[in-house]
Amino acid sequence: MTAFSFDAVAAILLIPAAAAAILAALPNYKMTAIVNVIASLLTLLAALSLFVTERPAPGQYLIVDDLNIVFIVLNTFVGFTTSVFSASYIAHELETGRLTAPNLRFYHAMYQIMMFGMNLAFVSNNIGLMWVAVELATLTTVLMVGIYRTHEALEAAWKYFILGSVGIALALFGTILVYMAAQPVVGEGTNAMVWSVLIEKAAHFDPALLSVAFIFLLLGYGTKVGLAPLHAWLPDAHAEGPTPISAVLSGLLLNVALYAVLRFKLLLTASPEAIGPGPLMVTMGLTSLIFAAFMLYRRRDIKRLFAYSSIEHMGIIVFAFGMGGPLANFAGLLHMVMHSLTKSAIFFAVGHIAQVKGTQKISEIRGLTESHPGLGWALVIGVVAIAGLPPLGIFMSEFLVVSSTFARHPWLAIPLVFGLLIAFGALLLRLTGLAFGEPRGGTAPVEASYVPMYSHLALVFAAGVYLPAPLVAWFQHVAGILG
Amino acid sequence: MNGLTFDIAHLLAGSLVLVSFMMLYQDRLFALINVFALHAVVLALSVAWQAYIQDAHHLYITAAIALVFKAIVIPVGLHRIIQRLGIHRDIETAVGIGPTMLAGIGLVTLSMVLMLRVTPEADPLAREDLAFALSIILLGLLVMVTRRNAVSQVVGFMSLENGLVLAATGAKGMPLVVEISVAFSILIAFIVIGVFLFRIRERFDSVDVGALDDYRGERR
Amino acid sequence: MISTIALLLCGPAAFLATAILAGTVGRRASATRLVYGAALAISIALLVIVAGHLAGSPGAVSTITLPLGLPWTGARFRLDSLSAFFLVVVNLGGTVTSLYALGYGRHELQPHRVLPFYPAFLAGMNLVVLADDAFSFLLSWEFMSLASWALVMAHHRDEANRRAGYIYLVMASFGTLALLLAFGLLAGPAGNYAFDAMRAAEPGPLAAGAVLALMLLGAGSKAGLVPLHAWLPLAHPAAPSHVSALMSGIMTKVAIYGFIRVVFDLLGAPAWWSGVVVLLIGGLTAVLGILHALMEKDLKRLLAYSTIENIGVVFVSLGLALAFKANAMPSAAALAFTAALFHVLNHSFFKSLLFFGAGAVLTATGERDMERLGGLIHRMPLTSFVFLVGCVSISALPPFNGFASEWLAFQAILQSPDLPQWGLKVIVPAVGGMLALAAALAAACFVKAFGITFLGRARSTVVEEAHEVDRWSLAAMAVLAVLCLLAGILPGFVIDSLSPVTLTLIGDRMPVQTADPWLSIVPIAESRSSYNGLLVFVFITISASLAAFVIHRFASHALRRGPAWGCGFADAAPAAQYTAVSFAQPIRRVFGSFAFRARETVEMPAPGALEPARLKLDMHDVAWETFYQPISGAIDYATERLNHLQFLTIRRYLTLVFLYLVILLLVLALWP
Amino acid sequence: MAVIFELAVQGAQMLLVLLLAPLLIGFVRKVKARLVRRQGPSLIQPYRDLIRLMRKEVVLADNASWLFRVTPYLIFAATWVAAALVPTFAAGLQFSWTADLIVIVALLGSARFFQALAGMDVGTSFGGIGASREVMIASLAEPAMLLIVFSLALVAGATQLSTVAAFMSSSEVGLRVSLGMSLIALVMVAIAENARIPVDNPATHLELTMVHEAMILEYSGRHLAMIELATFLKLLLYVSLISCVFLPWGLASVGAGPEALAFGAAAYLGKLAVLAVLLAVFETAVAKMRVFRVPDFLGAALMLALLGTLLLFVSRSL
């Protein structure tokens, strides 16, 4: 039994790796697309099997616990739906000649490598390994962002690359510092990097070192999370890359970095005299929220708009985790899941919209609900969801965050509510322009599969009205772990 | 350990910081690159020394990488790029040399203060190394943000990364050090090749990142 | 035996099912009848259920908890006397509106943009009234806003409608956030969001004040209290007319329900000054709302503004009830509270009726601008008659229902001398004056509305081809007209059926009315004051018919048609008639200067010059210019400033990171 | 038996007001004429006018609607009911509790409402001018009236006219500043409501100055008769209102015997005469004011009434 369950973990890692190798070899793009989908599906199944099978004891490199199962399942699921979406999307790109067959081979291979990197980051029990995995995922996305080879794409990729590398460096230094803090207690060698060991002994680590380490880690991984003022790469990378990548960036990569931050936050909270991570995270969260909310107003590019909204929501999530406590943590987890689903759904819709309208300029897209009802209403529902209106999932998490915060620290709830309102105004303003009014722009028919986006939206809706009891219990347990 | 080994390690690390300072006041590209080569050499020495005193033989690989790759290959490559792309040879600085130096001194003191808060129980050598490494990293960042010119920014980044390697090697028995240094060398290669391969020359007039930035995706 | 509440919950479920169905078949021709028919049936069913409940055990409470919504609270629903009353209001409105829409809906050009959201809207309103925990309440509340927003956006090609929808939804979510904060306070750090837990908890005076303020912001913005009313006159008219009726007649009442539920039920004993606040806001809202209405020339916007006025009237009564309740004067509080609820019911009647009428005019002529209407009484006699009934009722004229409730409000005001606090002593009569002023202005306003729209001569050709509307619409309007009359002449029954509510929320009730001789209503004692709508109605009918009889018996029957006397000018063009603007001019002269900073300037041409003299009039919406423009301006400024951060160079971004790092390190270095 | 008697008294009062109203007008006109040394028409001239109007044919404007023809009866009925509900010679009649003072004011309000509508029905500019000015005046007069009602109710503890009258005639009233204020306010409101000088001139047909006349300009024949009669009733109503509230002496109390009623009737006639003379003198003494001075006039009334009410509140609390 144990053997099999270990297989599950291995499968999560090996399937993408193998698929990447195959895809790099396959010439025909149709086949690559299919293989891509199949591989993602298999990975998803493997991830789901983690529920049924019993978990391996945390090893030196790999670990499976309640916390990362949330992320793994979410990751593989969105990875799968995105691969489905990208199949139809990429086909269109090939027709319009924005991409060539070799590009596609590269693209799909990279896609699987990225999935590999992210899964590895989640299951890795070794902070060094985790660092490597996160960087792997980052670099692959860098390459995919630049895949169009246009001014904008190259520039976005370049910016992403430089800022990302600095982030990498900072994160690494943080990791080294953690090792230095652990080494006297745990002793030399790999053990001093094994998370499950660290968390037990964290109380005896040198608090000063840990504090410095956390600051570097927060900035390093925070760059990936896209917290202001470290966010600069995010909007352009979302806007200029292929839309499936934008979806993956917003839906998954940000979560990977967030996951890393959370792991280290736990380490910090375990050591009492060290600097409290809460205030730092709350501050960064609020800054990102309010900053992004204001930035939403002047956006002209539809994908950049939603990229900024991702920054906003990451701000909310980090704020919630920074607040801590069962309610806020629960809300943070819920919000993260809901945001991944919703935002990727929105990007699916936006991708098709940009294809049928032949532009990403907001000013040139009008009256979608009339010209393309399927896409238009999907966009409306998505934006309504992301803006935190019921009966969709994000409303529940925002409800919990705001009300619990107001009951505990009213003066913190005021800026939170302010930011939410500002962001809502901006999103709704753009939505009104995009979805309603005299139709404008191309009227090409959609040859898109609505399945991915509508399935996501359906899930979000379901979560908004009804959370199954086991899920709740599980989230509450995780929230408990997060303290 | 005896005092001598400690002093040598200390000396090497300290001189690394010194070289970082030298980078701060270079105003010619070639000079900067040469200084960086020196930086890499010193790094290689100190890594080798660490390998010796910890008798961790894998660290010699790291030292070798530092020596071959950073001290020779990269500088030569950068020379080539500069000639190919015909970049004018002096560095435009965003902040004057004087203020930069002052800022550098401030950063070094900051890192010292931070690291001296670390409890003495920790390995003293590690503490010193960390303090130096931190200051090297900060100085590297400082170079990156005060130089307008892509090549010098790359150089700044590489010096930052040298600081990382120093810290990593200073940490006794830290696993993956070699892998990490390899990974970083690849990263840097990427950056250098990026500067080159983006055929920036063809798209923009200079390698100045500012010029690269003048297209913002959404024009005002 | 399935409980009443479970039965009631089937209603919203059925509505939602209809909505989904409409979403699928919305484009079919038959969909309109199908959807509205279903809505009609469901509303009637709900009415029957509630009626049965009220007939059986009006005071009884029935609750249910579904495993939905917030996991550890569950979705709780509760039927008590208050929610029963508002269910009646909501579903009566739903019934007549669906009836009306059976005919009116056929004129809809894009039915698939209305049909799915109409039942959803009804479902939302029902759920708000039934919800028994903060989460389900807010969920239904915002769902209601969302559905109505979609309905406002039904005619989305019109720029004005899009703007209206935008402002509406932003204000709505502002309100929701305010409510959210209020509930956060009531729930406390432990976060028990069930209403009964909140009822049990006793918030401190500061928290209670904050909750009241937040409720005034949250529920007030939905109900349209000045100065949060700005969205209302934009959004209500923008929707299709039957939806406007729902929004103006019913949704504002749901907002009032929210206010009552929290302030009277959950919040516990009020402080006396809370009454002062509510009174002042209510009075201000009433007067400003009706003044705005008087200045309007768009029929539907006029109606929307008059909604604001009526909301103000209701809030005045509620404020009185708070003041009395705070001073342990339960009988007076019950009187004021009854007046408020009675007016809620009445307003839902006549405002729906009037919006239906406006919709009929809109379909017949395609015009909302009164300046292009006139003389419709000849083309649409039935519509004009029922509309007249609506106008009389809303102008608070006996023997119709509007007067009955306002009369009760005045009686409640007359109880105020027994209040101990000086603030109240001085404010209440002043507010009473404002109320009277509002009533008089309302009469003026609806003289104008009816007179300009239906009377006089046609001001444009659209009137010529106008024709009477279909039977469904007429039936709906007739029903409402009859209800207006009945509630006016038999107020005793309404008052008695309201007694369970006052008993639960105030702890006292008005004396039984229906037992009085001749069914007259006596708030306190017959020697003090009494009113008998029935007799007044009978007397007027008798004496009018008597007079008519005598005249036709003894006086001459001769009658000759002739041209109207034009003071010597042979028939002046219809343009020479008084217009809506000119009709309002005397009142604008009196009140405009402070209410709108209105200024009239006459541009006299030089002697001998040929161009005509011009009267220039400039008016300002004070609330808009004082509150909304500055805010939007500030946001604009901030975005403009911050937007530069999108256009920095990589080096500058790196500088940001670097500085942030250094700052954090400094913080750490200075950390104790 | 007693009920029959009560009903009889009630009916008597209704007939009484109906019959007295024209006489009151005639009396006022006579006195005014005398004051300017004219012979003046006879006292019963108003009756003659009414009968003459009844006999004449109706000239109806081409586009007058059914509303235009129904309105006169409505106005008449509403005013008559209102007038019949004000105690004239006896308080506490059978139906007096049908309506309190607020209802009476509102009844007059509905009469005005329909009159204004009728003014706009034909679609001439006179109707419009009349209606718009009328509602403007009303929008100030009605609040003033209600505030007066408040202060009365505060003194007497009721809005029921019979109770108020009984209370006022009782000894514990005494002289109160606020009552004086409300009296003055009531008089001003009455003047405005009845379209008397200085607010409006019932005798003129000069378009720019008239308000009430402008609205009914299109009426003729029996319709005009109804409206005229309603106007007379309104004046009577206000006069008897003032008399029963502020000089309630001699008012027969509830369930009084015939002789008391007779005395009450006599007293009532006396009060009418006095007040009519006062009105005539006042109207002869002052000049008509511009329409847009009227708001100031009524605003003064409003302020007086409010002041009276507030004073009462204060004195109450002391």
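Each chain gets a letter, A, B, C and D, in the order it is written, and its residues are counted from 1.
The rule we apply is simple: a residue touches a chain if its C-beta (ideal position, glycine included) is under 8 Å from a C-beta of that chain, and two chains touch if they have at least 3 such contacts.
Worth saying up front: this structure is predicted, and the values here are computed from it rather than measured.
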item: Chain pair whose interface holds the most contacting C-beta pairs; value: C-D
item: Centroid spacing, where centroids are CA-atom means, of subunit A and subunit C in whole angstrom; value: 44
item: Interchain centroid distance [CA atoms averaged], subunit B/subunit D, Å; value: 100
item: Subunit A and subunit B: spacing of chain centres that average the CA atoms, whole Å; value: 31
item: Distance between chain centroids, defined by C-alpha means - subunit A, subunit D (Å); value: 79
item: Where subunit A touches two or more other chains at once, by residue number; value: 158-159, 162, 166, 212, 235
item: Interface hub residues of subunit C, defined as touching at least two other chains; value: 646, 648, 650, 654, 657, 661, 665, 668
item: Multi-partner residues of subunit D (at least 2 other chains); value: none
item: Pairs of chains in contact (touch as defined earlier), listed by label; value: A-B, A-C, B-C, C-D
item: For the subunit A and subunit B complex, residues of the former touching the latter; value: 128-129, 132, 135, 139, 151-152, 154-156, 158-159, 161-162, 165-166, 168-169, 172-173, 176-177, 179-180, 183-184, 188-190, 192-193, 206, 208-209, 212, 235-236, 239-240, 299-301, 304
item: Residue ranges of subunit B in contact with subunit C within the complex; value: 94, 107, 110-111, 113-114, 117, 138, 141-142, 144-145, 147-148, 153, 209-210, 212-213, 216, 218, 220
item: Complex contacts: residues of subunit A adjacent to subunit C; value: 158-159, 162-163, 166, 170, 211-212, 215-216, 218-219, 223, 229-230, 232-233, 235, 275, 280, 291, 294-295, 297-298, 327, 367, 369-370, 384, 387, 389-391, 395-396, 399-400, 402-408, 413, 417, 420-422, 424-425, 428-429, 432, 436-438, 464-467, 469, 472
item: Of subunit C, residues touching subunit B in the complex; value: 646-651, 654-655, 657-658, 661-662, 665-666, 668-669
item: Contacting residues of subunit C [partner subunit D, same complex]; value: 374-375, 377-378, 381, 388, 392, 395-398, 403, 407, 410-411, 413-414, 417, 422, 425-426, 429-430, 432-433, 436-437, 439-441, 443-444, 447-448, 450-452, 455-457, 518, 520, 526-532, 535-536, 539-541, 543-545, 547-548, 551, 554-556, 558-567, 572, 574, 576-578, 582-587, 589-590
